[in-house]
Structure formats: C-alpha cells, structure tokens
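Chain naming follows the written order as A, B, C, D and E, and within any one chain the residues start at number 1.
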Amino acid sequence: MRDMKTSSMTSTATTSTGTRIQLILLVLALLGLIIAPFTFYPIFLMKVLCFALFACAFNLLLGYTGLLSFGHAAFFGGASYFTAYAVKEWGVPPEIGILLGVIGAAFLGLIMGIFAIRRQGIYFAMVTLALAQMFYFFCLQAEFTHGEDGLQGVPRGHLLGFIDLNQPLNMYFFVLAIFLIGIFAIWRIVHSPFGMILKSIRENEDRAISLGYSVSRYKLGAFVMSAALAGLAGGTKTLVFQFATLTDVAWQMSGEVILMTLLGGIGTIFGPIFGAGFVVTLQNYLAASAFPVTVLTGLIFMICVLVFRRGIIGEFNASRLGARLGLRTKQ
Amino acid sequence: MSQNANEARVVLSARDLRRDFGGFTAVNNVNLDVHHAKVHALIGPNGAGKTTVFNLLTKFLQPTSGTITLLGQDITKTSPARVARMGLVRSFQISAVFPHLTVLENVRVALQRPGGLAVQFWRSMNTLDRLNDRAIELLKSVGLEKDIDSYAADLSYGRKRVLEIATTLSLDPKVLLLDEPMAGMGQEDVGRVAEIIREVARTRAVLMVEHNLTVVADLCDHITVLQRGEILAEGNYDTVSTDERVRIAYMGTDDD
Amino acid sequence: MTDKDILLSVKDLNAWYDESHVLHGVNLNVRRGETVTILGRNGVGKTTTLRSIVGILRKRTGEIEFNGHNLMRLPLHKTAKTGLGFVPEERGIFSTLSVEENLMLPPKVSDSGMSIEEIYDLFPNLYERKTSSGTKLSGGEQQMLAMARMLRIGVDMLLLDEPTEGLAPVIIQRIGEVLQTLKQRGMTILLIEQNFRFASKIADRFYLMEHGLVSAGFDASELPDRMDMLHEVLGV
Amino acid sequence: AGISDDIVKIGILNDQSGVYADFGGKWSYEAAKMAVEDFGGTVLDKKIEVITADHQNKPDVAANIARQWYDEDKVDAIMELTTSSVALAVQGISKEKKKIDIVTGAATTALTGDQCSPYGFHWAYDTHALAVGTGGALVENGGDTWYFLTADYAFGYSLEEQTSKFVTDNGGKVLGSVRHPLSSTDFSSFLLQAQASGAKVIGLADAGLDTANAIKQASEFGIVQGGQRLAALLFTLSEVHGLGAEAAQGLSLTEGFYWDRNDESREFGKRFHDRTGRMPNMIQAGTYSAVLQYLKAIKKVGTDETEAVSKALHEMPVNDVFAHNGKVGANGRMIYDMYLMEVKKPSEMKGDWDYYNVLATVPGDKAFIKPSESGCALAQ
Amino acid sequence: MIMIFGIPIQAFLGQLLIGLINGSFYAMLSLGLAIIFGLLRVINFAHGAQYMMGAFAGMLLLTWFGVNYWLALILAPVVVGITGIIVERFALRRLYELDHLYGLLFTFGLALVIEGTFRYFYGSSGQPYATPKLLSGGVNLGFMYLPIYRGWVVIASMIVCIGTWLLIEKTRLGAYLRAATENPILVQSFGINVPLLLTLTYGLGSGLAALAGIMAAPIYQVSPLMGSNLIIVVFAIVVVGGMGSIMGAIVTGYALGIIEGLTKVFYPEASNIVIFVIMALVLLVRPAGLFGRDA
C-alpha cells in the first residue's frame, strides 16, 4: 500500500495559517457552488455533484481504508433503481425515496462486504468486481428494472410535501444540500476516532489486531458506510435525471469512479470532487467531438497512473504553494 | 492491589499444545504456565517454534490440538482481537508500528479502545485529545518524549521497538508477549528496554522470546527451552544454563 | 597498505534515499583476504553503505572500485560476476521458491564455492526443510539460508549485513567458525555487526561509522586502546 | 411563424463508440447530411445544420446533451437515438421541452406505446415489426416449427413472445426455447439443444454480437446444412457484412430497407457507398428518410414550430427511397412495408454487398401495431 | 435410452465435451493472467484486449498479407507479444515498485484505449474469419457432431498449458522468474538480468492471450468487444484457482468451463453467474482459492 498511503492528509501536519487559508478557500468554494446554477447548466452541475459525492464515497474506502473496490457501481446503480422504483411505483416522497435507496445500498454493501473483506488488495478488487457483476445480471434480468429500457419517467415530486423539485433551482439546492451533507459525513468519518482506527488498520493490520481491534468489523463498517454514501449519490442522481438504467450498475461505472478518484487525488477530501467534475465535463465535451471517448478516458487513466499519481489535488498539496498553505503531507 | 496474594497465580497456560504445518510439526506437546508478576523467557534454537507458540497463544494461528487458558477462561477458540481485549497483548519479531502515524498517534490508537473511542465515526477526532496526557506520560516513561510528533516511519529501528513496547503497555495488558524485543537494538537501548520490562513485570506477567542471554539471565525468573517444537528443559537461568542438552542445542560451548 | 592488495576501495561515497542524504562521503578500503567490520549505532548508514557498494541503491556518487572494476558504471546484474556477494540484512528469502531452489538460485561466478553437501553439513536445519517454502523457515533459518546461498557460488568477497541478528548463540558460534574457515581459504569479508563480541573475534580491522561518515578506522590490535571510545559511542 | 433563430438545426444523437456503433453510428450522421443536401441545403431560405454527438450508451450523457441542445444550441429536433434507454429518456425530455424527436435506432415499442409523445416519432423498425416479419412470414414460407435462443432479459423476452405469437397465429408451432445470458461467447451448448429439438427454424431472439456468435457457431456445427433454418430477429446489413457471407448464408431476417431492391434504392445505396464505403442498413436509410420528411414538413407548414410540424408529420404520407406510402399513426409510429430477407450463398453473390434475396414483403399494416392498440394515450 | 439427470446420456456427453472446449479458452486465458500476476504482480486488465488483438492480428494478417491460419498461429502471438513488451518496457516497469493496484489501473486504461481504437477503426459488429481448411468439417462421435476445429482447440490448449506450467515450475528460468517477482533487485544483484526477464514474461503472457485469440477467431466473432466481457469471468476463475497459482489457473479453467457448460443445460439462466457463485463459495471456505498458498 506504500504509495496510496503517502498522499493521505494528516491533521497534525497543518499549520494554523494554513488552516485559515483553507477555511477561506472552503468558504469561496461554497459561495461558488451557490452562485453556480445562475451561470452554468443546472442539470450538468447536479450531475457533477452526484458523481463527486459518489467518488468521495468511493474514496472513503480506497483512500482511508486502502481497499480498492471494483464494484461500487452496484451501490450507486442499485440505489438509483431502489429510489426510482419507490418513487415511481409506490409514490413515496423524494426524501423517503432517497433514504430507501441509501438503505438498499447499505444492505447490498453489507452482503457484498461479508464476502469481499475476507481478502485484501487485488483480491478484494476482483471479488468486488465479480459480486457487482452478479448484481448487474440480476438487474438485467429482474422484472422491475425493465431491462434495457430502464425505469423511465421517475417523478421528482415535492420535497417535504411543499418544495416543488421540478423547479430546476429547487432541485439544484436540494442536490447541493445532499452533497454537502454527504461530504461532511465523509469528512467527519475520516476525522473521527473510527477513522483513526481505519487508518491504523491500513498501516499495519496485524498490529491492529494485536491491539484488540476486530479488523474485519471495522472494514465491514467502512465498506457499508461507503456503500450507503454511494447509494446517496445514486438515489439523488435518479431524481435529477428521472430515470434509472443499467449504465449505472455496469462495471464500466465502477471503473469511471476509480478514474475520478485517481485523477483528483486518492486519499484527499477534495480530490475526487475535482476528478468527478473533470470526467463528467470531458464526457460531455467529447460527445460532440470525433475523438472516441473511451480511448481518451483510457489515455488519461494511463497517464495519471504513470506520471500524475497523486492526482490534481494531491499534486497541488505536494507543490510549493500547497506547502505554504499547510497542505503538504508526509511523503 | 494485593500483589503478594496474586504472586503465584497462573494467568496464561497452555496444555498439550500442538501445531502442524502440512506434514511438519512445528510445535508439539508444549505445556506452559505463565505467572503473574514474573518474567518468563522462551528460548531455543532458531526454528524451534518460539514464534509459532506466540502465534498460537495469541490466536494468530489456530492450534492443531491442545487447550489454552487465559485468566481462567478457555480461549482455544477465541479470535485474536478478542484475546487481545481480554488482556493478552503481543509484540512482533519484525517491528510493528503504524509507520505513517505520529508517535503520539501510535500510542493513542491503542488507548482508544479501552477508552471506548473506537467505533465513534460521528465524533470529532479532537475527542481523542483527552488521551494525550496518558499517551505522553507513557512515551516519557520510555524516553520517546522528544519524538512525539515524528512519524513512526522516521524512527530508527531501535526506537521503533521502544515505541512498539510503549504502545503495547498502553493497553495495560495483564499478560505481555514480547517476541525478541531487543533484536537489532543498539546497546544503549537494550539497557533501557530491559529496565522497562522489569518495571512492567512488577504488576504483570511477561513472556518473552530473546536470544540475548545476558538479558535473559538478568531479567527472567523462569525459562523454558524449546527445541524442535518440544520442551527441552525448564527452570531458572542457572538450572537451564547448566543443562548439558541446552548447551549443546542452544547456547554452545562458549561461555557467553 | 599497498594499492595492489586493495580489493575494494570506496572513495567519497554519498548516497540518498529519495531526497534524504544519508551518506556524506564514506571512505574505506578492504584488502584481499582481510575481514573488516563496520561498527556503528542504529541508523548511521552502515546498511546503506553496503547497498550503495553493491549498487542496489542507485542514487549515489563517488568512486567504488572492486577487483579492477568500476562498480559505479556497472549495471546491477553485472556486479555479481565481478565476484561480489551480498547477504542483505532482511535476508531476501523467496517465499515462492523452496529452500533448495533458494539455495540454487544465484548463478555460480566461479568454481571456488562450497558444494551443496558441505553446505548442508554446515546447516543441517536447511537440509531437513529443503523442500518447504523459503519463508516458512524461522527467522534464524532464513539467515542461514541467505548466507549459504552466497557461499555456494564462489565469490571473492562477501558483504554481510548483521549475519547474527536473531540467531541462537550456538548458531552464531557456528557462523563464527564458518567465517574463520572462509578466511583461511582466502575469502575477503566486509561485515556489519552489532554483536561486538562476535565481531571482535573475527575482524582484522574495524571502521566506526557516525552520521553517514567513517569516523575512525583501526586494526584489531588497537582494540584494547579504543575500548573507551567504543564504549562511549556504542555503549559496548 | 417562420424559422426560429433563422436556422433549422437537427441533432443526430447516437452511439458512435460503443456496442451499437455499427448500427447507425457515424454513418447515420452521414445519411442525415445527405438528406439535407438532397433537400437543397436550405428550407424556406434558411440554413439547415446537422450536428451530432456520441452518447456512449449512457442515458445521462444523452439527457445532458439533449437538454443542452434544446436549451442552448437551439436544436429543433433530435433523431436516431440508438438503444432503448436513451431513446426513452430523450423522448421524455423532448416531450417536456415540446420538441420533436424521431427515433430510428431503438427497438422498443414503448416509444409509441405507454411512453408515447405527441412530438415523438418512431421511424424505422421496432420489435413488433421484426417479430411479424420474421415470425409470420417465415411460417408462410414453410418454417412452421420453431425453437428460440433468447437473450435473458426484457428485450429478448419481448422479441420471443411477440414472434411466438405470430408463429402460432400463422399455424406454426413453438417447440421450445432456451434462455442464454447476455454477452455469452459460446453458444454451442444452446445450439445443440436447438438442434436436438428438431425444429425447422431456430429463432435468435437477441442482438449484436450474441446473434453474430450464434450464427457463426451454427454454421460450424453444420446446423443449416443439416436442414434447419436460422432466423435472426434483430440483425441488419452491417452485421451480416461483419459476419461474412460464408457464415451467414441461409440466415433469415427482417429489415425495413435493402439497397438492391429497385433503381431508386440502388442509386441511393451507391451514393451512400461512395461517401462511406458501405451500404446503408435500415437505420441509416431510416435516418435519411426521417430528416428528409422533417424538412418537407417544415416547408409545408412554413415554420419550424413544434406543434405545426408535428401535425404535418402526422398527416403527410412518406414517399422516399426508404418508405413508399408510409403513414404516421396517432401514436407517432411510421407505418411502412418491411421485408423478409434471406442471406445468399457466397457463390450466388454478385458483388461485395450483394447479400440478400428478398423472400417476402410484409405490409406495413400487418407489421406494426395498430395505433389504437398500442397503449398510447394519444391514440385512444 | 440411458438418462442422466433427466437428459439422454448422449446429450450429456456432448455437453461435457462442449464445456471442455469452452474450458480450454478459459484455461489459456487464466494461465496468461496467472503468469503475469504471479511474476509481475500486475493484474492484467488488458488481457481481454490482448486476446482480441490476437484474433484481429490473425484477421489482418490474412486480409493484408494473405497469411494463413497456421502461420498466424505463430505470428499473431509474436506480434501481440511485442506490443506487450513495448508496454512493459515503457510503462508497466515503472509501476512494480508501487502498490499492485496501480498495475491494475494502468492496464485497465490500456484496455480502454486498445478496445476503443479497434472499435473506432473496425466498428463493433466484427469481422469474418474462416476455419482453416484442414480443420473444417466435423466428425460424428455417436453422441454428438464434433467440429474438428474444436477438437483441435482442446488438444492445442492442453499442450500449451502443460508446456507453460513445466517452463515456470520446473526450470531454472522459472525459478528466476518466481524469485524476481518477490525481490527483483536482489535477484538482479545475483547477476540475473531481471528487467529483461520481466519484459519477456509480460510478452509471454500477452502472447498467450493472443494465441487464445487467434484460436478463437474461427469460432467466435472477431470483434473489438470479444474480450471485454470474457475477461471478468477469467478473473473470477483465477481467483477461484488461487491468484498466482499457475496449476490452479489451468485446472480451474477447465473445471469451470465444464461446470458452466453443464449449467447451460440444466439451468441456462444461471450460466453466466455460476462461476461467480462458485467464486463466492470458494472464498468463504478457502479464502486463498483452491490452489492458492495461504498468505
């Protein structure tokens, strides 16, 4: 795990002026997000936010527990089906729909986790990939997903019964709120006593056991939390686009979220957000160009791994400016 | 604490312990009693099965047969983490720290569990600050107070071992298993660690593997010699070191 | 000493791990047939010195000449052929290979090495466990294997990094005897050792390292005079 | 009235890099441009522009592009829309934005069924037409006992179910079926089961690579030589070409277009071939027709305003190289004749793209669901 | 008529044989993966793409240079092996020192690039490739009609698998390779040119994938996507066999091919997940895989 560990942020390494500047940056970012829908395309922004949350949820597992899941699409896409079905067929309000999506994803995470956490490293990646693939086939064949057609025309409904989410701005701020809650939850988990144990497990598993920690339970806990948060992103996305389709459960989606995280910076809080923004923009932009999208995605993957391993935020943190802001971390 | 009353109490015992690896029996017929407030050494030639015995006692390995009792409870089928929570904590032959945590954090991670601060994913890390005093106190006692904010990875090998012992101690274990705590340590640290162990053993049971016979002679109340997975001799240093079989199998003819 | 006798000469050796500068100009010489021990506290750069000489650590500057070869220029896989054998501190036993495969792995560089029978004679533990996987051996057995591996291939000079660490006294004694035998056969040895008692018995000469530099060098005969200083620096 | 923004913009949104890239792909874009040129390049003296994007088979990417096209790029209509999930999603958005979409690339009848739109049109084939063409017409040609190899998901089931219905309606019999997972590579096991059933026709209710692999392996196991017929329910000229005549010979399939049917189609095929190096299949030809008809409608009503153009599209007959006397139902379904084809033996082929014998013509009224029975609320 | 599990014994035997044929491809592919993983510690996500390249190489050699199947059987793996060598030499090599996951991520990207490029130039519906004359036709085995070509696939794959296994497990070269996996620098300091060895190994592994590809070309549609779905199944096989165990990969490849074949008869709907189900069960009982060494 050598290289993955190094880029993680350590709270102790920040200086107090750094902290102040970070705070200012944070406030600026927040302001940016609030005025963004007035200049950018709201649906696009919402999509970025959903994927950013998804990537952050994924990163909770990879960056802070050292487990590379190649099956996170199952939680993202699974939740999007659960939410879509609950909202469309049962007519539940949007907030309950998302909650059901989250619960569904967490449950799925629990089941997959029980198998997957028995192995580490590459094995873990392969096992999650295979399990997610099983779930994909389930979704493909199950009646309620409508196969290739997907669940279409999912109503957004009224938040808390009175906020009309069909208004793009209402929807945007709803998504933004969910996004912020999700990110805060991740930040909280990472910087919590529990997060500390996760980190120590990643560093030296045997030692953690010998200190009395039931390592597999912590891993399972982290896995389920990550799945639930990925589900939060998936459920929200369903409401944004008003459909749930097979694309979100296919393994290529698991690959995409890895790309986003890698691109932004594994083990940084804000990296995956940038990564997600970049990838989503790219997909949109390239759709209209003659250049095949997959080829470019693949190239970016390769380049990142070879020369850009810390990702955008990771490189920034490690740069001189980053150091001045107190972001540089122990190598 | 009525230490004297507890003096002879057996806290950890193994009966007819055996472990096979494929066709090879690494540990056979081992009976051990570890007493409260005593330092017990496990010595023997390389490959005798000492580390394996440690792994069995701490449940990192499952015995092929035999029973293990810790503080009166049968732990033969218990998980390693649970055993640790019951008060049996070990160190490793190859040093085991959390390299990218600071020295302070290393100790705090251990303190978290008894402090009930392990699973709280909804609370701020700052809640851990209340463990700092205790952690610093421990680090002082082993002479690591200057390195509190360094990453464990930056410590020299010997200091890492000291840190490992501090971490282990912070759990306030009832039984301490140390696998070659002095290996690779410079002379200056050996003395200090020996002192720490002696201090610790006043209120706890210690079982240690060590090849440094000077330390063993100096520190240990009781010695068990293993050879080829079986117990060759037992007793205090004088008994053991004069045993002809032990000299041939382990100590050599050199009067070290 | 005459230049002709010098088998290994190291001049102004600097070495880095990434950005951290660990060796600051190490100078040392080893004559043919001599056993030299490097002493020093933990972390002064002893291991790093050996790793730089062999070329496992590539980020280095200075001059290293061995047996007429400029080791600075040689790719790593050509170094062994010059007759230099390295036994690393971490032993480097391969878990996917059996003990015997481990032993037979390095290609021979000359015919002067020990035969496999001699080796098994010397380390009966290895003979017993020869078909089991290399890393299933105990720590001490692995140390024996690592040494045995280099004895077989017939090198002119051995670099040994703490060969006695974690070994039972009886084995240490055996290794001491082995090293004596090798010496008599004319083997040149550069040894790093924490176990001063062991080292003092076989070394012809000592170097003391402090902070990435060789701070002193002296003959075994001068040892008694130097004890005070060693005590101060090493605590022995 | 008049032309909004002084330009008519048509967006061709389809898969150009994924599994369905050969279905319509970038060649559909080419077909659309041909239609604009054939129309004269302008309509009501205003410029016509065709733009394209690759939705990568991702409905969310497609939805994003569609919204952006409508809101910011002033696109007036979106066409082609390969793959059901995308077509349905974009049709939903078009409906909400009151814009026209004409689907040629997707198969699902839901587009003109319960998810129909007053501004949505389905131009080329659909699963129902394929089932009628291959199922019904083949029985009349002597293939009266059937065994299905069905892809194990909704698309496969509906193809199998609809085809079975026409087989039995025409006096044939279904002896059995086996469901194979999507994206299997090896079909020999299923083929052996089909062979053992003794059915005269083996129906392949799947698509793309699955169908191609099944056909290739059937030829390997001598199934066609053994006297059984293979019928691919969704297969087009592009895929036949990819498979090669050697492996595909004897295969029956239904398409809505064949270049070598009459002089007009040959002329069109040749021009298309000159530009792209391949002959058009029904999706590409359908896209050509859709663009052309859309422009004709604008010209007729004198505006590109959605309601008016939709109304015209519903009313105007379709007469071009693709469809003769085609008409559009109230549910948006364009009704025209389909053809049952059989792939020639390599020895009978006269040229590179000379693949089909036309076995039968399936009249549009038979091929497509009656609007009133489609389940579309607009056609009640 | 004798019945087994409700189907005639003839049909049962036929299906067993079909499963074995399928297993032959699994075995060859998982063998290549296992070698690359075992020796380079890289999960070669591009393996499916290299399999596809093998088939395409055969097809292109035929259309461009008129190279026949037999020659292609040698040339295609060589060509793809060389591309593998280039990839290793200029990229993969830099990743060995890092966490293994980076190897996986890199080859994942590589697979996207290769498949995307081929799709861009050759479309998605595939290209024809005919069975070689010598092996076309079939024989009636009494219980089934066996295309001769498939019989050839079984035999050829067994030869390849056993040969490769012997090379790695029983030769000195194999010992170097295995040792180099664990500690390349040390092995190099023993006087062995490790970088070269590893390069050749990746070449060998991708060449094996290509060999499977060219062997598949006459029976499976030669298409840019032919490897991308297969590869995940093959991963599962390698996990079941025990990652890094070469014997495990081979045996499990054949065994799961047969199991999958039988599932296609008894419960066809499950035939795509049966391997994953087995994988889950194996992991519960033996986390290191059937042939894996305990960590």
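As a convention for this text, a residue touches a chain if its C-beta (ideal position, glycine included) is under 8 Å from a C-beta of that chain, and two chains touch if they have at least 3 such contacts.
Since this is a predicted model, take the numbers as computed values, not measurements.
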Co-neighbours of chain C and chain E resolve to none
Which chain has its C-alpha centroid at the greatest distance from the C-alpha centroid of chain C? D
Computing the C-alpha centre of each chain, which chain sits at the greatest distance from chain B? D
Let me have the rounded angstrom distance from the C-alpha centre of chain A over to the C-alpha centre of chain C, please. 51
Just how far, in Å, is the C-alpha centre of chain D from the one of chain B? 74
Distance-wise, how many Å sit between the C-alpha centres of chain B and chain E, to the nearest whole number? 48
I'd like to verify one number: the distance from the centre of chain D to the centre of chain E, where each centre is the average of its C-alpha atoms, in whole angstrom. 36
Multi-chain contacts in chain A: which residues touch at least two other chains? 137, 141, 292-294
Spell out, as numbers or ranges, the residues of chain D touching 2 or more other chains. 17-18, 152, 181-182
Each pair of chains that touches, named by its two labels: A-B, A-D, A-E, B-C, C-E, D-E
Going by the contact rule set out above, which residues of chain E touch chain A in the complex? 37, 43, 91, 94-95, 98-102, 104-106, 108-117, 119-120, 232, 235-236, 238-239, 243, 269, 272-273, 276-277, 279-280, 283-284, 287
Touching residues (chain side chain C, partner chain B) in the complex: 41-43, 125, 129, 132, 136-141, 143-144, 162, 165-174, 194, 196-197, 234-236
Residues on chain D engaged by chain A in the complex (per definition of touch): 16-18, 26, 51-61, 63-65, 67-68, 71-72, 83-85, 88-89, 92, 108, 110, 115, 152-155, 181-182
As the complex stands, chain E meets chain D at residues 11, 14-15, 18-19, 21-22, 116, 119-120, 123-128, 130-131, 138, 144-145, 147, 149-150, 216, 218-221, 223, 225-226, 229-230, 261, 264-265, 268-269, 271-273
Note: in the complex, chain B contacts chain C through residues 21-22, 24, 43-51, 93, 156-159, 180, 183-189, 191, 211, 213, 248-254, 256
